[in-house]
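Below, chain A partners chain B and then partners chain C, in two separate complexes.
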Partner chain A sequence: MIQFRHVLLHAQKLIIHSLRTGSGVAFIFLTILIGLSLANLSITPVELGFTTAEEFRESASKAIGFALATASLRMGGENENGPPDTDILSRMESGDLIDLGMWARYLILDNPMLLSITVLLLGVVLPLILPLGSFTAISSDVQHRTVRYLLPRTSRLSLLVGRWLGTLFLSWVLILLLLFSVVVYLSIMLPPEATESMVPWAGRCLFSLCCLATPYVSLGILCSAVFRVPMVALLAAVGATVGTPLLALSLQEAWDPLGNLLYLLPWGYSHELLSPNGDKVFTAVAYSLGHSLLFMTLAAWRFRRADL
Partner chain B sequence: MSNSSEVTTGEAIRISGLSHHFGEKQALKDIDWVLPQKGIVGLVGPNGAGKTTLFSLIAGFLTLQKGTISVLGESSPVASALMGRVGVMPQDAIFARDISIFDQLLFLLKLDGYQGEVAEQRVREVMQRVGLETELFRGAAVLSHGMGKRLGVAQAILANPEIVLLDEPTAGLDPANARQIRHLMRELAETSLVIVSSHNLLELQDLIDSVGVIVGGELISSGTVEEVTRRARRFEIHLDAKVEVELVVELKQLSHINEVEFSDQQLTVSLNADQEDGLNGALSQLYRFLIEKGLPPHEVREGASLEQAYLKLTGEDQSS
Partner chain C sequence: MAASDRPGGLTALSVLNGFFALAVGGTTIQRFMTSYDLMEVAEGEVRGRGWRRRYLKSLLDEGLTPMDLQILALIGLVATLLLLVSIWGLLKRSNLIGRWLGTLGGVALAAFYILNIDWLPETYLRGSGLSIARQIFYPLFLIFMLHVIFRRDFLQAQGKSG
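Now for the complex of A and B:
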């Protein structure tokens, strides 16, 4: 059974402990550093004069359109009777994939391009960083047996949910700080008029990244609850995050339906969190919550039966 | 805060048919044990006998495989109604090294239901009781082994629990600190049940009210110290004359005599006090026999300490 007061106490303790011991602060700084590097990477071609702003916008639009098309078609979204994926570029040019073209324009032309590119890159990088903030949530206390001071006082479920809530809150704060840093950085680099339109788009990106973070934090908590050695928990979380798309895409070559393995993690739908289509966004958010619920249910099932 | 719902049966813990295994290894075998609501109960046994496993099952660290444990009337040791009513000092748990002891204990006390200044005051009181008040705002990293033990005891008694489980609480403590902890246990035992495991049987003999001896996962003996030691009662009897072999042979045929050892003018007799007339009957029979043989005891010394009883029960007296 869950005691709400205990959940809040566990969450509060995790946050304070992370900040006091420096592990949380180091995690936040590392992530912001990576975020700023990505923002810098997106602005560098124009800044160094490799290309003009217009050429860059056009290339970025094509690249993002191609990436979205690849992701959508590979996931079986629109290719049930369509030609092979190798034809994506020609299909885009012929106007066949008009929805995806509009989607790319939505990200590049209708909204601040550099912020969109940075957030899209973060969508790939964040799942690999987030386990760093969650792998010790349970496993560290189990390894050091500190959990034995807690068990006579609180239910295992309260402990698990509290630690999840604390980690999730930290991750969301991290994403907020990350986007804030990126917006400030881009505002310094870009003309002043570009800044205004960046703020509302940053809000939308914040929502999308927070939705994306939730299942990955839950996955980290699941690994932390299953493996009692923190480093093993970290390797399991990162391994699953990296291994799932690699496995799914390589198996898909052998048999197309195996590509659906990608849906074991949010890789299959996470890009849709930034879709201009409200229904797709809603579906992606629902999938995110479903994944989170599934991972936490598995974590609770395992943790309640574990010998601690 | 400690919930003090009454347990009308007069027992704090009832263990029935408890078995536990780790893979192929059978750690506990069919244990039945009933523990009272107050007093100090010792749990003794050789290394690997199953003491910590039993502790861990009572505390809810391990999940039950077979059998039942009823704690304070609740059918499961992890029942929500027990939260904060059972204090546990695990043997090998450690505190966070880089967070102040005060903050860590305050957090635990908040889980127990205390809040605000009452909680802060309670932490200070308990730390004073274990003699660690000067370390309150330091991290656990600065504590010695003995201080760490005392901190473990402090967290176990924070919320005035009705049951306190202490796994080797005085191991590694200097005599003064060990005495302080023993004193604390006696105080706690006036209102609570204190279960303590220890290898220091001489220390336990004077401390505990009852004892359970666990060997190879089986509870081979339990009861008051008097009851347990009586089952293996030994007497050293000094005579005025040399002990003859014929006397020993006749002595061994008496119904209350388990074993006889002899040397020169000394007999060491192990009495069977489990019969209906108990220890008195056994001693009467022995004295009567010796007087009839014209060998009245010159000096009789009872040699059945808890340690001797333990060694006998565990079979370690023969191996040593």
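Now for the complex of A and C:
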């Protein structure tokens, strides 16, 4: 039985507790530090004059097309004897990957390029950082047996959902702060005409990153509910996040359908959150929510049966 | 639970204070050295490699003076010392040395970075804009943590010792 007031109370307590613990401080600090470093990485080549904006746009467009082809499991070529890079590029210009070429151009030409690149990089790195915010949510209290003092006053489900909500809210606030810093900096650095479309696109990016964060936070909570030792929960969450794409892309070499293992986590569809096609965005959001629901259902099932 | 009842976040903040004290200490040394190089170039003493001399001359042409760099270095030195001293205060949960010197260290650190952006010419700062933004985040975070999240811990520790 879930009591809404209890859920909010658990969420609030988790946020305050996260800010007081070493792991919470490390999570906040690392998220902001790594996020701004990624933004710096995408902005510095243009800012330092290593390359012109046009050259950077051209090479970024190719790199994004390449990454999209990998993420959508469409790297296998029509002409497998040709050089892989030129093959992919020609396929993006006029072959079966033309939709990916247009998608890359949508991100680079139709919208603020530096913000798009930063958000794409964040989409790859955030799933690895987010478990830092959730690995102690349940396991810490289970390990120290302090959860026993809470359970006479509240239900297990309220506790689980409340802590999930608190972790999710904290992650969303950090993503908001991160994007806000990048947008303010880009608005100062770029000429005013280049920043007109920055705010609406930043809003879209914020929505995409928040949707992306939801299943990964839920995965962190699932690992925290399954494993009693917080460090094991952290290792399991990070291991699953890193291991799934590595395994899927290696096995795809052996047999193409095995590449679909990528869909065990949002890696297979998360890039579609930034698609120019509204239907694909809607589907990706629905998949994200479905994944989150699945992970939370498993966590609730495990936590309700756990001997605490 | 650890033997001490000090929150883990305070320990983490003291480690971060040490990290930022070292970072700003390194920048301070760099500012002092550049200011002496600028003085030499301004006085017409020809030393060092050609590109370095040309670079320093361009900084002088853009209106940067050795005095600006020395003031920045001095603020950096104050920030470094305050942050280093506050590490001990944070670990001991001392209201004066931990909370207030930490706050002053945070203010000095923020002032150091903001004045860097304001005073140094674009050629000097080029490519480091977002890394400065990243470093401004820490003093704000430190002050928020000391005065909102850990305020009660410092006051309780003060009450016990007093």
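We adopt the following convention: the second predicted complex is superposed on the first by the 283 of 308 C-alpha atoms of A that agree within 3 Å, B and C clash if a C-alpha of one lies under 4 Å from a C-alpha of the other, contacts with A are read in each partner's own complex, and residues count from 1 in each chain.
As a convention for this text, a contact is a pair of C-beta atoms (placed from the backbone, for glycine too) under 8 Å apart; a residue touches a chain by one contact, two chains touch by 3 or more.
Everything numeric here is computed off the predicted structure, so don't read it as measured data.
Within the superposed three-chain model, A:154 lies in touch with chain B and out of touch with chain C [touch as defined at top].
Of the two partner chains placed by superposition, only chain C is touched by A:39; chain B is not.
By the document's definition of touching, of the two partners only chain C reaches A:29; chain B does not. Look at A:9: by the touch rule set out above, it reaches chain B but stays clear of chain C. Legend: residue contacts after superposition of the two complexes on their common chain; A:266 is shown touching neither chain B nor chain C. Residue contacts after overlaying the shared chain place A:185 against chain C, while chain B stays out of touching range.
Of the two partner chains, chain B and chain C are each touched by A:144. Looking at the shared chain after the overlay, A:112 reaches neither chain B nor chain C. In the superposition on chain A, contact of A:21 is made with both chain B and chain C.
Counting contacts as defined above, chain A residues 20-21, 144 meet chain B in one complex and chain C in the other.
Against chain C, in their complex, chain A makes its touches with residues 16, 19-26, 28-29, 32-33, 36-37, 39-40, 43-44, 47-49, 144, 181-182, 184-185, 189. Listing the residues of chain A that touch chain B in their complex gives 1, 3, 6, 9, 13, 17, 20-21, 144-156, 305-308.
On the side of chain C, the complex with chain A involves touching residues 1, 7-9, 11-13, 16, 126-127, 129-131, 133-134, 137-138, 141, 145, 149-150. Put simply, chain B touches chain A in their complex at residues 56, 59-63, 78, 80, 82-84, 86-88, 90, 92-96, 98-99, 107-108, 110-112, 155, 161.
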